[in-house]
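Below is one structure. I have some questions about it.
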């Protein structure tokens, strides 16, 4: 069964049934449809979370062959907020209401768990999604009456939380500016340069100081607070090498944590 | 601007803004995550509707350069019904509640139209979705107060409604069994053999008579009414050639109809 | 108990309790409040589905005395669509949002099943309702945890699906134009002439060619695509005799199918 | 136009259009599907509110010919509460969740007002419905942005609020026990004896003291608090004469109030 | 444990756990944010229902030490209606949609009952809330599958229903005008003069005849029907003494009824 | 008008109307009902956010007399998450579903803005609430069509984001452990010792190392990961002096930021 694809959507029904007979972990990448400045595509978040989920699943499958598969990504996310994504008013950003994202998460988590998938892991790639994914998961578990004892579970993580201090120092030699303004900046750009260089146009990138945003949110947003590029920090110094480092380190650590948490390693 | 990608998720924010300054048409493929028998992948419906949308957009762009782009597909659909998809109880089928699919459609249609996209076209590839997509569109237009006079519009279609009688005769020389039992049958299999042969395993396909289903729906379903393969008719006689014919004819007619309806042809 | 009324709303509480102690089947007619041209009443769909449900219940009760009763109809339905009902913009058409129709179906199906009614059968008389009734039923069964083994069930049907080819040939000697444009046409008009002739004003009927509607839906609708009468095909050639034939054949077949499916015939 | 039917569902589309060109008032009866003791039908509340609405509309049309019409009743209502209807646990009572009743009211009120009907009047016949009808109306007006100045309006009333002290004294010579326990009692029974005597079986009626219910609601209900008949007071002393008096007085006063409030009287 | 505070929000987690190990009753006051004329604060309803709940809990705890505690009040309620609160259009009235109030009630009732609190008692202080609280409770019990046998329960009451005829005669020597127009009148004002005199400004109070409101509700409201003060009856004759009488009598009777109903008295 | 109370619920209707005639800012504290260890009350979050809002409003009113008032707090919040609050399974934690908190926020924000209040400021005191408050605000602004130009706005902040680095160094001489595990720790305990010392029982506090929680969320939670106290870090070293410092600094900075952002300072 190790020749099965990593993409769950490419399984056929027979392979799917066999897969759910053992310990099965589905990784669901979550992205957004969101402007990422002049140099990166609107679909960046789903591209990155999908790549992270694939890299993680492959690493899990090295210790637990065939256990992990990757579902198709959520391609639209919660509304871009000015302090983390520039704002939902920017052209190229098409978002979901909270209730929609919660419902989508709930239905899909419930569906997989009800069909006997052992564990559902949401791999988030868009800052604003997190709490709504959490609620969707919580409601799915409530729907099914899943408790700590039952064995099935859901996990939720954002891939950047698996970037270590060491990696940050390597990627940002002048000091890490903070995750909140890492929208369209060095981390995302480097990852894209590593994973999908054909879709990055560094010649369009603009250098500018990091956005200075207030401690509060204000709505309607004062549009002028977002830099004209739509990026909260400039991608200056991004490189495929940094992307490779970030990717391998984060995917490795995610795989390690998931395998340990879910006791996936075969004896 | 003709060098822009056909996939909207690969546009950057600048390209997106330029695109919405002219007449812009976004085609949104809609699929499902649904068993398609032992010989085809779970993601078949989204694969096919995405290919159809791409083929259609390319043909539209021949007469209206740069007007059409393809959004990322909806990868989960409404519940598989026994009479059209074998049933929602089958392993490998993970579906959305109606309210979730409606909300997703509403948010995304509203988002595009609010951001100045001229027309939104949903290209459906999963029978059960249609009415819920319709409702989502209707609510989005109500939200925005869009009327016949305003110029903006939404279209909704299922690609098989664009297969002509002539093509049906060529594809089904012994007579067309009806769309309702075309789940995992000759049409879908032939299209997959043409478009994604690497994901079809004809050696797993099973020949069996078409399902005989009652005139009514019953819930809970009597599981034994669905053929064991999960297909409502066997893929006997499927071929890449038939798939090519189906694809070219349907995509061609969709492009023609959309271009005429939306007056897209450049003078 | 055979003297009990066929209308469930006319049962008293004692009769209701006795009825649910045996095998009990409630037929729920579903209609719409929708323009049906200049010659038929707005309530046509509920009138017809109610008559069909009554005729069916009477025939069921011949083989299973007292088993079937008819609930009061849903008098408002889902939005009239241009391709099947002329469109929701037409004066005299007052419709429900999908979520409302789903909720109504869910509550009422759940209510009957929870109170021990054996089977709930929705008899649909308005094309656009079908999928929303399906979802309401599915959610009611989920609420109650009803499974294939439990014995209770819900059925859903549209009465025209029980009109046979033979009958169609008799009713449409020049060829059947298709169910999709049978709005205000020969079938509905003939049935009304048979069942409620006092509410048909044939002198107001207008002859016109069948509507030619595109393969897609477009919203907002182009109003001029609907014939001025609001009918998608003219009622030319309608007669009470055809209505009688249609009614007896369809109600007979529905009763047969339901009795067989639910094993209602007393030994 | 005075020959038009009083029932709106029997209007054809042409008559409907003409009606909305003048001042048009639709009365919507609201009932319930609720046990009413051993002597009255489950559909009593819709029967009575429909009769009241018809009687009122006829009286309105005497002063404003053709202005008033009666829509089809809501046949299911909000959950029967122990203190006003015996409780929702009783066999024969099938109710709606609040959200469903609110949505139904909102959609239908919005539909009529949006199509140019001048005024919508809900005629309530089931105690527990009132607040949910109110909310549905309020949301419909919010949806449409209707304000005091616009001329259109909605009215909401329960028919028993139009029974005067004088009538009460005539109907209850020993003193009126209060509306709260008038479920299945003298008022409803007398009205049914007047309006639909063929559906009342007085020989089944049971005499018992009025229910003594606490000042609070408790859930789950203590079932033994509801009298075994399901009636909160016995129908002792009911008569068709009392029903005739109640009907004529209440319908007369409703017509008067509505005509005055909406300035319907023709000059 | 008798030294524990009466306010549940002041319990620490250890005290809370100990409390739920015995018979525990939480009283939840429900108010509104609503204009109460020129002489009383906007928060009057929550102030009064909280005081009533505290007084009741203290009296319960005399017979069942430590059993009762008071949760924090709902400070916003359902929309003020013209006939009971002057109307929702008045400055200073900020209300909830029905669905919001229902959801809040459902979540909080479910939360307490799920955590092992024995009984939840809603103490209502705003006329318009009642039915929505009822629905929230009903849904919470449905969520948890609580039945009559289980022992846990919820109670719902409005404090004014515990004012006896004797007290009414003492408070309104000239006759009680009816609860419906007791908005900002003698009852509420007297209670405030007793409980929170520092927040009543009798010098601002205006004398005027009671509002004369129709038998029906009309929306949008005719604003001029509400007296200019926003009170439906004048507070003439209010006094702290009357407030003290009202408070002691009602709180006493509530405590008695709750203790009896829930069998709280220690042996 | 400067003698008006700071608590909006204590305004009378006349004072409210006068207040909304000028620039008016309502601060809405948001808390939770959540265990805070053995030494602090369940209502801690609402107590602290209310105190912070009051302190902020008083400081705003020094530069813009009478502009700011404080609404009653939200006393229940979103579900406690293990990584920020110990988890929603802990006794004493009663939370709202996301949809409920969003609806409450939406209704109240819409209500104030619709009634002419200039600005609504949510002062959050419970980590998990933030995103749901954001969504509620966003929907309220959408409901009302409020845009950047209109002048009205909503602000959203968490009070701890206004604690400066300097203050952190003073409060945590051994280094700040991070906001995420500041549940029941030094910050909250010190603030309570300053503001409500009578409700803190330091003798019950337990010293233990900070919780070590994974980078991901897992549901259902592994209960043993939360320290037995329910606190994520021990309150060792808390003091009223630190609380005073924290309070004055944060409230001061919030007032400054709000006044600057909303241009409140009188000329």
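Order of writing sets the chain letters: A, B, C, D, E and F. Residues in each chain are counted from 1.
By our rule, contacts are C-beta pairs under 8 Å (C-beta built on N, C-alpha and C of every residue); 3 or more make two chains touch, one makes a residue touch a chain.
On a predicted model such as this, the values are computed, not experimentally measured, just so you know.
Novice: In the chain contact graph, what is the shortest path length, in steps, from chain B to chain D?
Specialist: Graph distance in the chain contact network comes out at 2.
Novice: From chain B, how many touching-chain steps at minimum until you land on chain E?
Specialist: Tracing touching chains, the least step count from chain B to chain E comes to 3.
Novice: Thinking of A-B, which of B-C, D-E or C-D forms a repeat of its interface, with over half the contact pairs identical?
Specialist: The same interface as A-B is formed by C-D.
Novice: What's the farthest chain from chain B if centres are computed as the mean of the Cα atoms?
Specialist: So the chain farthest away from chain B turns out to be E.
Novice: Centroid of chain E to centroid of chain F, CA atoms only: how many Å?
Specialist: 27
Novice: If you average the CA atoms of chain A and of chain D, how many Å lie between those two points?
Specialist: Computed value for the inter-centroid distance: 55 Å.
Novice: Mind pulling the residue numbers of chain D that touch at least two other chains?
Specialist: 97, 99 - these are the residues of chain D that touch more than one other chain.
Novice: How is the touch graph of the chains shaped: line, ring, star, complete or other?
Specialist: Graph shape, chains as nodes and touching pairs as edges: a ring.
Novice: Just walk me round the ring: chain A, then chain B, then whatever comes after, in order.
Specialist: With chain A as the starting chain and chain B following, the sequence is A, B, C, D, E, F.
Novice: Along chain B, where are the residues that touch chain C in the complex?
Specialist: The touching residues are 78-79, 81, 88, 97-99, 102, 128, 130-132, 134-135, 137-139, 141, 146-148, 150, 153-157, 161-162, 214-223, 253, 257-258, 261.
Novice: Any idea which chain A residues touch chain B in the complex?
Specialist: It comes out as residues 7-14, 16-17, 20, 33, 35-43, 46-47, 71-72, 75-76, 90-92, 94-97, 99-100, 103-104, 106-108, 111-112, 115-116, 199, 201, 204, 230.
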